[in-house]
Amino acid sequence: MLINVPENVVPDALRGFAAVHTDLTVDVERRVIVRRGAPYDGQVGLVSGGGSGHEPLHGGFVGRGMLTAACPGEVFTSPVPDQMVRAAAAVDSGAGVLFIVKNYTGDVLNFDMAAELAEDEGVQVAKVLVNDDVAVTDSLYTAGRRGTGATLFVEKLAGAAADEGAPLDRVAGIARRVNEASRSFGVALSACSTPAKGGPTFDLPEGELELGVGIHGEPGRERRAMMTSGEIADVSVDAVVDDLQPDAPVLLLVNGMGATPLLELYGFAAEVHRAMGARKVSVARTLVGNYVTSLDMAGASVTICQADEELLRLWDAPVSTPALRWGC
Amino acid sequence: MLINVPENVVPDALRGFAAVHTDLTVDVERRVIVRRGAPYDGQVGLVSGGGSGHEPLHGGFVGRGMLTAACPGEVFTSPVPDQMVRAAAAVDSGAGVLFIVKNYTGDVLNFDMAAELAEDEGVQVAKVLVNDDVAVTDSLYTAGRRGTGATLFVEKLAGAAADEGAPLDRVAGIARRVNEASRSFGVALSACSTPAKGGPTFDLPEGELELGVGIHGEPGRERRAMMTSGEIADVSVDAVVDDLQPDAPVLLLVNGMGATPLLELYGFAAEVHRAMGARKVSVARTLVGNYVTSLDMAGASVTICQADEELLRLWDAPVSTPALRWGC
Amino acid sequence: MNAVPDLPADIDAALLLRWLDAVTSVIEQEADHLTQLDSPIGDADHGANMRRGFRAARTALEQEPPDTPGAVLVAIGRQLISTVGGASGPLYGTLLRRAGKALGDAPAVTAAELRDGLRAGVDGLVQLGGAKLEDKTMVDALLPALDAFTAALDAGGGTEQAVTAAASAAEEGATATTPLRARKGRASYLGDRSIGHQDPGATSSALLLTTLADTVRKASSS
Amino acid sequence: MNAVPDLPADIDAALLLRWLDAVTSVIEQEADHLTQLDSPIGDADHGANMRRGFRAARTALEQEPPDTPGAVLVAIGRQLISTVGGASGPLYGTLLRRAGKALGDAPAVTAAELRDGLRAGVDGLVQLGGAKLEDKTMVDALLPALDAFTAALDAGGGTEQAVTAAASAAEEGATATTPLRARKGRASYLGDRSIGHQDPGATSSALLLTTLADTVRKASSS
């Protein structure tokens, strides 16, 4: 791994992030990334965060039209409440703050604690839980569906609404609507290596793959012999389409897990488009890239979000962040 | 690998690219990616290309303010002359065409043939050879320095000049100046796997690294026991700074080889900044990301380009491509 | 109700600070093992999480050592919440904060009072995390430990007997998580594939209690 | 000057088309081996490159078979240039195009004429790539092959003897690249680390010539 010592991976990365993205305010010590100039008068603040190792999520999505602040935790470990409280204070203009929380026990507990503390300090806090991963089938006997690729959609679309000056309940409403309209399914072709472990988090022999993985280097629901890109696309598209049953065009994210070459990812995107066509789902917009990652995991995920006119408008709205930028 | 069959990796990727980037014209069959609307009246056309497997280079850099066309070859194999001839014809407005060629035997020979053929067809062609890799020390007894990270600088800065309407000799002059002012050095922490080979191109045991690698999965000049991010930054910065001896602020590219997590790459960027400071080199702009890659290779490279006012202005000029976008 | 009236108030701030010291060292040694356990059914960070939290707690409490056992537990809990993150940070943090608060500001407490404090803490943890017995979590070590603690007191044991019994029960509880199918936390995503692996959080809970037993034994033998 | 006047013009388009067919099959079989050779000192694509080029050439020439040996070589050369890419595409493409052009439009040529054609082709390749003997490239197979071809003719041999001698020399030349330090192509970047590996391009050159020898032998024995 390209690191100094495992303990310093996150602060080292934040130092680099601070040096490069001078249009953001990066508090390396306290681990908060804030859009320069925040709070913005009359604008709802959007705060997200989670374990590190999913970059560019979330720090790479701070900027105009997306997040106002991000709180990076240790690798694959949710941030601590102090970070979110500080971020909330930094971005609240009086219009309130939306916490965007991926549904993992750690994230939920820490954001809940933070929300209580922030409210004690007079900040109005709304929360949205992102839980789009259809690979978690049995939500009664699990911690519930995980938050994965849809986080990007929630952050982009709610961010655009906040940028338009929508009030907190509307921004939160859009965020929840986007989450409800989104589904994801992921596949790993290799495990990832965490700095703490110093090696792969699980054993995946060459020539096998894991179906239904999350973004924390955990194994999936099922191990199979290697499949072609087209077969993986069929399985993934079936999984999300069966679950969502969309009846309108969708936003599509074809996401690499971190170590997936763009050459392969675009080929996969072609197969996903084919599979969507076969399922008679029309695709309104497609984003391809390594956006919601799991360190150096090879693999991909497919996320769809059923869109209406409003969501399409919000998707096309200007965004200017380190990792996502258009229209401005 | 996330592929169908090795033979179809490039056309599969182009199908996906075509489906996603509807603002580009992608001829999947003939393997040419052209900026929609080309040729642009009075504008010099910029054509680059090379083996596939380095994405987003070059196709991801087609668009306003950068390339007018790109010709992707097979994986790590230069494109064939027919592609460049076709691209040249598609982008020539009468103002001529600049071929941007990375210095590899295959690329040089194929682009040379293409230039002859295009000139036969009445297109005025200038060429710039990118050869920035200081790891190739003994250029008398080798094929000469390889073209790596500086390609991004050449394509961006010459592209901005073309966008301003500069004539062919000036655009070519800027491209050559950028190449002469640029140096790169790369390090691999793992080999990459090519579809043709179906596995790693060389054997790199865990806990060792290769110093001075190119971007084609070839081993480097020297194998060493694993080093820290800071040590790698020192070696890389020393290599490029010793060779270039810059006496003005530089553009800096901290580039991942494809499978390097952004978390690690930003930490490395922090160390590169530190090392540049220690060498008293001031950094005017920094770009961090997996831009000039070697499929799923883990590792990084450092590229610097000594900048003057003009080059800084061209760097900051609007660019709108799939992989690089700002100011518009 | 189970409290035995004539127990000595032999648990003071100094004892719990020695425990913190010992537990930090134990976690330091066991961190890799805990992370290993967290690999096949989690995200390979439990050891690093625990180490970070206890290092921070030890440093903070060395600088400003509280002078009641309640304050020690509250301070450790706060440090865990502020530095661990993940699921275990809020859960262990809540356990210790609630336990500490329940101990009030007495300069020393009896084993029965500690037991009541721990019960309050575990209740808080269960309320927060929503895990039941056999969900394959730290609760599977903590609830049996509480029961054993109580049983030892009921049988006329003192602090040493009680914490020793609690530690053994926690260890057994941790081992017994292996055949379970996880229903909470990350391991639950694996469904049946979580079977056959010992839960990292239950394992760290056992470490916390075996180290408490060691610390108490050393105190009474010295 | 070395041309022996009374050689038969026994090399026609049909023979070279049979060679193309055979060589495409051989390359098909040897592609993985060539790619393996290209891994430690190159970029692991030489086998795939050659296969792509010869497949395309065979398909194209099956559809429109030229009727002179010169036209066959020119057409194969064009196909290689249009489909291979990399270093080997223009190099082999130029070799065959130049050789074919040198053969002119005779319906059949003698071994001496073929040798002159090949010499023109190799000259073109050397001019294009700039490699010298012992630079560890295909030139190390091709130049010795040309010399052996000439020597066999000088010794009074016919087509079969000449191409057989050329094939052996090419194979020896390819083997002899192993101890060399590369000075051209990708392998040159490795410096001393290129030593100890056989050059993939020299190896494919040897395959082209051994298959030519086989094809000629089969023609004369049938």
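Labels for the chains are A, B, C and D, by order of writing; each one numbers its residues from 1.
By our rule, a residue touches a chain if its C-beta (ideal position, glycine included) is under 8 Å from a C-beta of that chain, and two chains touch if they have at least 3 such contacts.
What you see is a predicted model, and the numbers here were worked out from it, not measured in a lab.
When each chain is reduced to the average of its Cα atoms, C sits farthest from chain B. One simple way to say how far apart two chains are is to compare their mean CA positions; for chain A and chain D this gives 55 Å. Centre to centre, using the average C-alpha position, chain A and chain C are separated by 33 Å.
Averaging Cα coordinates per chain places chain C and chain D 75 Å apart. Residue positions 75 of chain A each touch two or more of the other chains. Here, these are the chain pairs in contact: A-B, A-C, B-D.
By the touch rule above, chain C contacts chain A in their complex via residues 35-36, 39-45, 47-49, 52, 81-91, 128-129, 181, 183-186, 188-191, 193. For chain A in complex with chain C, the touching residues are 6-7, 51, 73-82, 104-106, 109-110, 113, 135-138, 141-143, 146, 194, 196-197, 201-202, 214, 216-219, 221. Partner chain A is touched in their complex by these residues of chain B: 1-5, 8-10, 12-17, 19-20, 52-53, 55-56, 60, 75, 189, 199, 206, 228-230, 232, 254, 258-271, 273, 286-288, 290, 293, 295-296, 298-300, 325-326.
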